[in-house]
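These notes are about the structure you will find just below.
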Amino acid sequence: MINAGDTSWILTATALVLFMTMPGLALFYAGLVRSKNILSVLMHCAAICCLASIVWLAVGYSLAFSGEGAYVGDLSKVFLSGVTRDAASGSIPESLFFSFQMTFAIITPALIVGAYVERIKFGAVLLISALWLVFVYAPVCHWVWGGGWLASMGVYDFAGGIVVHVTAGVSALVIAKMLGQRSGYPEQIQPPHAPWMVMVGASMLWVGWFGFNAGSALTAGTDASMALLVTHISAATASLVWLVIEWLRFGKPSLVGLVTGTIAGLATITPASGFVGPMGGFILGLAGGVITYYCVDLVKGKFNIDDSLDVFAVHGVGGATGTLLVAILILPAFQGVGLSDGVSVMSQLTVQATGVIVTAVWCLVATVIIVNLTKRLVGLRVDEEDEVEGLDYKAHGETGYKL
Amino acid sequence: MINAGDTSWILTATALVLFMTMPGLALFYAGLVRSKNILSVLMHCAAICCLASIVWLAVGYSLAFSGEGAYVGDLSKVFLSGVTRDAASGSIPESLFFSFQMTFAIITPALIVGAYVERIKFGAVLLISALWLVFVYAPVCHWVWGGGWLASMGVYDFAGGIVVHVTAGVSALVIAKMLGQRSGYPEQIQPPHAPWMVMVGASMLWVGWFGFNAGSALTAGTDASMALLVTHISAATASLVWLVIEWLRFGKPSLVGLVTGTIAGLATITPASGFVGPMGGFILGLAGGVITYYCVDLVKGKFNIDDSLDVFAVHGVGGATGTLLVAILILPAFQGVGLSDGVSVMSQLTVQATGVIVTAVWCLVATVIIVNLTKRLVGLRVDEEDEVEGLDYKAHGETGYKL
Amino acid sequence: MINAGDTSWILTATALVLFMTMPGLALFYAGLVRSKNILSVLMHCAAICCLASIVWLAVGYSLAFSGEGAYVGDLSKVFLSGVTRDAASGSIPESLFFSFQMTFAIITPALIVGAYVERIKFGAVLLISALWLVFVYAPVCHWVWGGGWLASMGVYDFAGGIVVHVTAGVSALVIAKMLGQRSGYPEQIQPPHAPWMVMVGASMLWVGWFGFNAGSALTAGTDASMALLVTHISAATASLVWLVIEWLRFGKPSLVGLVTGTIAGLATITPASGFVGPMGGFILGLAGGVITYYCVDLVKGKFNIDDSLDVFAVHGVGGATGTLLVAILILPAFQGVGLSDGVSVMSQLTVQATGVIVTAVWCLVATVIIVNLTKRLVGLRVDEEDEVEGLDYKAHGETGYKL
Amino acid sequence: MKMIMAVIQTHKLDDVRQALNEVGVMGMTVTEAKGFGRTKGHTEIYRGAEYQINYIPKFKIEVVVEDSVSDKVIETITETANTGKIGDGKIFVWDIETAIRIRTGEQNEQAL
Amino acid sequence: MKMIMAVIQTHKLDDVRQALNEVGVMGMTVTEAKGFGRTKGHTEIYRGAEYQINYIPKFKIEVVVEDSVSDKVIETITETANTGKIGDGKIFVWDIETAIRIRTGEQNEQAL
Amino acid sequence: MKMIMAVIQTHKLDDVRQALNEVGVMGMTVTEAKGFGRTKGHTEIYRGAEYQINYIPKFKIEVVVEDSVSDKVIETITETANTGKIGDGKIFVWDIETAIRIRTGEQNEQAL
């Protein structure tokens, strides 16, 4: 039976999560690249938003949320056929549940954009994103939220630590590796061309994340309220962690550093947001902030992979951290909701780890195949000259700034 | 009896629709002009927002939503006199209904800004907008939503295909024609000075449009949920249509092109958003995308009218398209809600066409009178030199960028 | 007993009020300074947002909203200890009430940023903000909203005329005075480097203010609806007041002027938003607009205090104006809710005045101490050279624009 | 060859460019500049106070031409950039020793 | 006449302008430039890594004056633009053949 | 001393800078410029219509060097800035009378 209060909140949450991508994430990423590529990044996010919506309507939603399969849904709901106007999903209309989930299916491939900016072909962006949604996102979404095998194991992933951040992060790393570094990397790479734009994007992501995490309660009550609270605390804490580390290390805390911490804190709390209390949010912010900071170094410095905007280090690692720690921070001792009866921290931890690892492996395998296929069909990189002159004009015929 | 869930959603929707104008539409338009006029466009939108709010309180709301008249309301609710604090309108407070409708009365004249940018006198903007609200918007709003003659005929216009987009589009065309082209048009006209700003504005419009269309349900239930869904699908589809056309035609899909498609798709679905299903949304996106794309050429290329930011081609034509197609796509065959008993597609189509045509004619006549009057009273255009040097400094004493 | 409709609205309102600071206020302020300091201003707002959240969780909320004390709360709710997941506060979860109030505790110290931009040490920003929250904001919040002595006196402050605007305004003036003017003030001070950014920030503040004022009803009903309406009317009216004054005085109404009026109108209506009707909103807009306009001159021109972004003149004076006028405009004669039985306008006015004056005095005293302490501990100003070269690079190692 | 450097009003750039084109100038280089001269800049109002903007945006044009045509070019610029208002700008001329076209390495007259 | 072109620290512009004003310079043209010299630019930190920004923002001033006053002008700039720190910049001087005021067509000395 | 002014393709700046460094050029000043020459600018599509962008962004490099090394420097620029495509740019050279290092007041050769 449909509840107007719950429906009202999820309508709002859907708007908030769309806002995270359009324009939140788009601005966050666009400010980080060089000015000659700003429009291409905005274009990637916008085009993925549109394409993902159609793919979700066509097959994505059905593969994720229909049928009884352990590994993937069926095709009974393609184009929402058979879903009547007044069909309900819990206390909200199914049409709304579809839309809310769609906004997740939009932002997840858009997160990956950060891995391949400034050098990828636009055609490859579209093809990779579409295939990835169908073969990676939809199945994993089914495993965790669609009644699949991980759900049956009792995995905890409230708003997408596994479904969104681990999948995006791992696939981002794979794509970055296969695509290769930007020409002139790392010497000629410049710091963000518009830190103010990065901050604005991050702020929009923060606000939108309330819809992302608190909306995942699918009702407007205590779960949503506590989810909002812990989400905020984790974001604030991780931001301060980055600020402090930079201050100690370089004597100058930076704006881009602080807001990177914000995103790290948000990604980390995501899987736990429905299960932990304020203290849990605080601890996750601390952990997520510290770990992601050092992982950025690790990926670029050690592995020497040009995951250009640090999607893996921030989202993948952050999401995984939260997914694992929830097994402990869920305890009432940390103001959490507590584990189900008969479940021990260890056993839950095993389930959580299984979820993270199996998902990571699946992302790795599938992404390698998708990227190779794309390479054959449309090619991956623009040629050197276009890359040097910038994608804005070369790929889209526009220039970012005309002052 | 007031429902908290419905009220909650319409409070949110009101914020979303205000957000569409401030700053959504303002940024969308400001990014499209030359940098010497960016502030004047923001100023037009902001000033209209303030002025329209007061006009709406003074007479607009009363003319649109009071009394029994077939053509216009009465003055019983000027300044909301007689509307008690706890007066209800359906399941929400009337004060909220007033505010929600006010945000429509704000964005509609603001849409027209796109027709006269870069050359109009600021005084003319204010005078035209105020008169237009009283003599065009309020009456038409009454015809369709205030129990006027079109409502009695059973016209379908869920969120403003006729009331908002046809009125704004037609009047925009008239004003552009009467005002004349920008000096140096078309040779010296430059492409958008800040495509990134256009994209940000369009994204905000997209998100805000959820409040516009789903809010028009005035309740938080299945109607609102399905309206949100089809609105999104139409926007995504039309965006991809523009992307594909540009790609085929020029080999380079542009960011401004894609987001123009977004707005076209949103305008097109508006009148139909409460009556059609996903398939209807998809078809409207296709139709709206294709038709508006070619109408832009038509107006500027053939008619040679400098409707500078294509208000007529995108909003007028899009809104009209949706208003007509709803008569067909409302059928259950397309997942629609179906026509009322005894009504045939043809008869409904006639009603819809009547609404569009009569409204267009009224806009034409009234706008011609309003513009002529304005010309006499305050003049229409700034002088050539001010136009060349830019309105930002000449009309507002400011400069857009000081880096 | 928790109501989903009310909860839904306050969840949304919380997001809206966070949005006011991140990025609304940050952009509003960043656009007003010179381009060499844009990032430092964004950094101040973002860092305060994070720090204030943690301080609020640690002690702020408890000091403001726990216990029976007349002057300050107790420590029973530090880190929300003892607040169970399903604890309710009225018809919403207490966790949500905490978060909603937290967003107020974030924006209030952030408002003060406008007083000390372009010359303060980053360390001083953090220390002053933290101490100020604990020793000024939390107590005053308790006086008015936490059952303290002003509440007992029956003071009217619906959404923070005293708690937010008077406190921020007065403390801003004190800090500006103690900090001293920017080097080269006033000759070398430049007008806003990015008026467009100021307008975008102001627009976000306007939209977010719906959450601020209408959210303060803590329910989704007639109070929230009327609060939204009067808030909007006051904002629109005050904007037009500034527009008209500038037009008459200089012949050129400016964008920055108009949106400054918007903020003035919003600050002025805040304390009255739950008690007055449309007419009251209109009158408050007029009064707030005129008074703040002339106070800006007064502070900078006469007192010669470099309250750089006019926090006192716009927020302090606006908030005080509304706090006093509510005693009259609350009358049914002005469509208000009326005074409680046996209370006369005069007696209420005395209560309101007492609230404003005592709060102002407390802010003055406490701020002087806090600033002196900060001076000793970390110092207040960057050295001349850093100030001349700009805080962005000198304090944060970044540059605002790389085109 | 001569370097002809002109500082002109921003809104005159297109006219000057076209005029130079017509007298056969093949190329020019333009930079945004801030000018300061008799015209002491404009004022902007911000929250009731007047602020002096000391510099006026100008375009600086640099054209290198053969000696033979330099007078014609100077004349053309003087005419087209002229509005008779203070702030119209200046033209400065000096000798160029060598000119090279990077693409081909051609020198002097051939390079222009 | 002489063209005196100076590349200076950005924050010295106002001082230099005033000083030149006092020694009677009627006009100058300023452009934003990126300098590269002994001072090898600054570093920015981005997510834990240091990035070298090779260029330092500078202002390029161009003043054309009569031969007689050029030494005075050069001196003035050298003094006011000097901070004693590396990166203070350079002054380059060369001969100008003709100067024209676009507004009036006046030539040379009259044009300055 | 000679002023060597070169207008080059924007994406060639880093290469040129490094090359000059290697031949011992201690400093240079760079300004953003809009070029106009044989290459008549590019076109942008906006809502179905083509727009001509008349100017192409270029970088203008100014290097002052001793006469002795000027040929080497010119050569170096010509080589590194060359892509063989139209629009590669130009180099212009003229005599400098005086050069001063603001920081020290050193003159001419010592100032470079």
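Think of it as A, B, C, D, E and F in the order they're written, each chain with its own count starting at 1.
The rule is simple: contacts are C-beta pairs under 8 Å (C-beta built on N, C-alpha and C of every residue); 3 or more make two chains touch, one makes a residue touch a chain.
Source: prediction; values computed, not measured.
Each step here moves to a touching chain, and the least such steps from chain B to chain F number 1. Different-residue interface: chain E and chain F share under half of the residue numbers found at their contact. Each chain gets one centre point, the mean of its Cα atoms, and the points for chain D and chain F are 18 Å apart. As a whole-number value, the distance joining the C-alpha centres of chain A and chain E reads 50 Å. Spacing of chain A relative to chain B, judged by their CA centroids, is 34 angstrom.
Multi-chain contact residues of chain E (touching two or more other chains) are listed as 31-32, 44-45, 53, 94-95. Under the contact definition stated at the top, the residues of chain B that touch 2 or more other chains are 3-6, 8-9, 12, 190-192, 250, 252, 254, 256, 397-399, 401, 403. Chain pairs that touch one another: A-B, A-C, A-E, A-F, B-C, B-D, B-F, C-D, C-E, D-E, D-F, E-F. Contacts from chain F toward chain E in the complex involve residues 3, 17, 26-32, 64, 94-103, 105, 111. By the touch rule above, chain F contacts chain D in their complex via residues 2, 6-8, 31-38, 54-55, 58, 60, 74, 77-78, 81-95.
Listed in rising order, the residues of chain D touching chain C in the complex are 44-49, 51, 53. The touching residues of chain B, counted against chain F in their complex, run 186, 189-192, 246, 249-250, 252, 254, 256-257, 260, 293, 296-297, 300-301, 310.
Chain B meets chain A in the complex at residues 3-6, 8-9, 12, 16, 34-35, 190-196, 199-200, 203-204, 206-207, 210-211, 214, 219-222, 224-226, 228-229, 232-233, 235-237, 239-240, 243, 250, 252-256, 258-259, 262, 277-279, 282, 335, 337, 401, 403.
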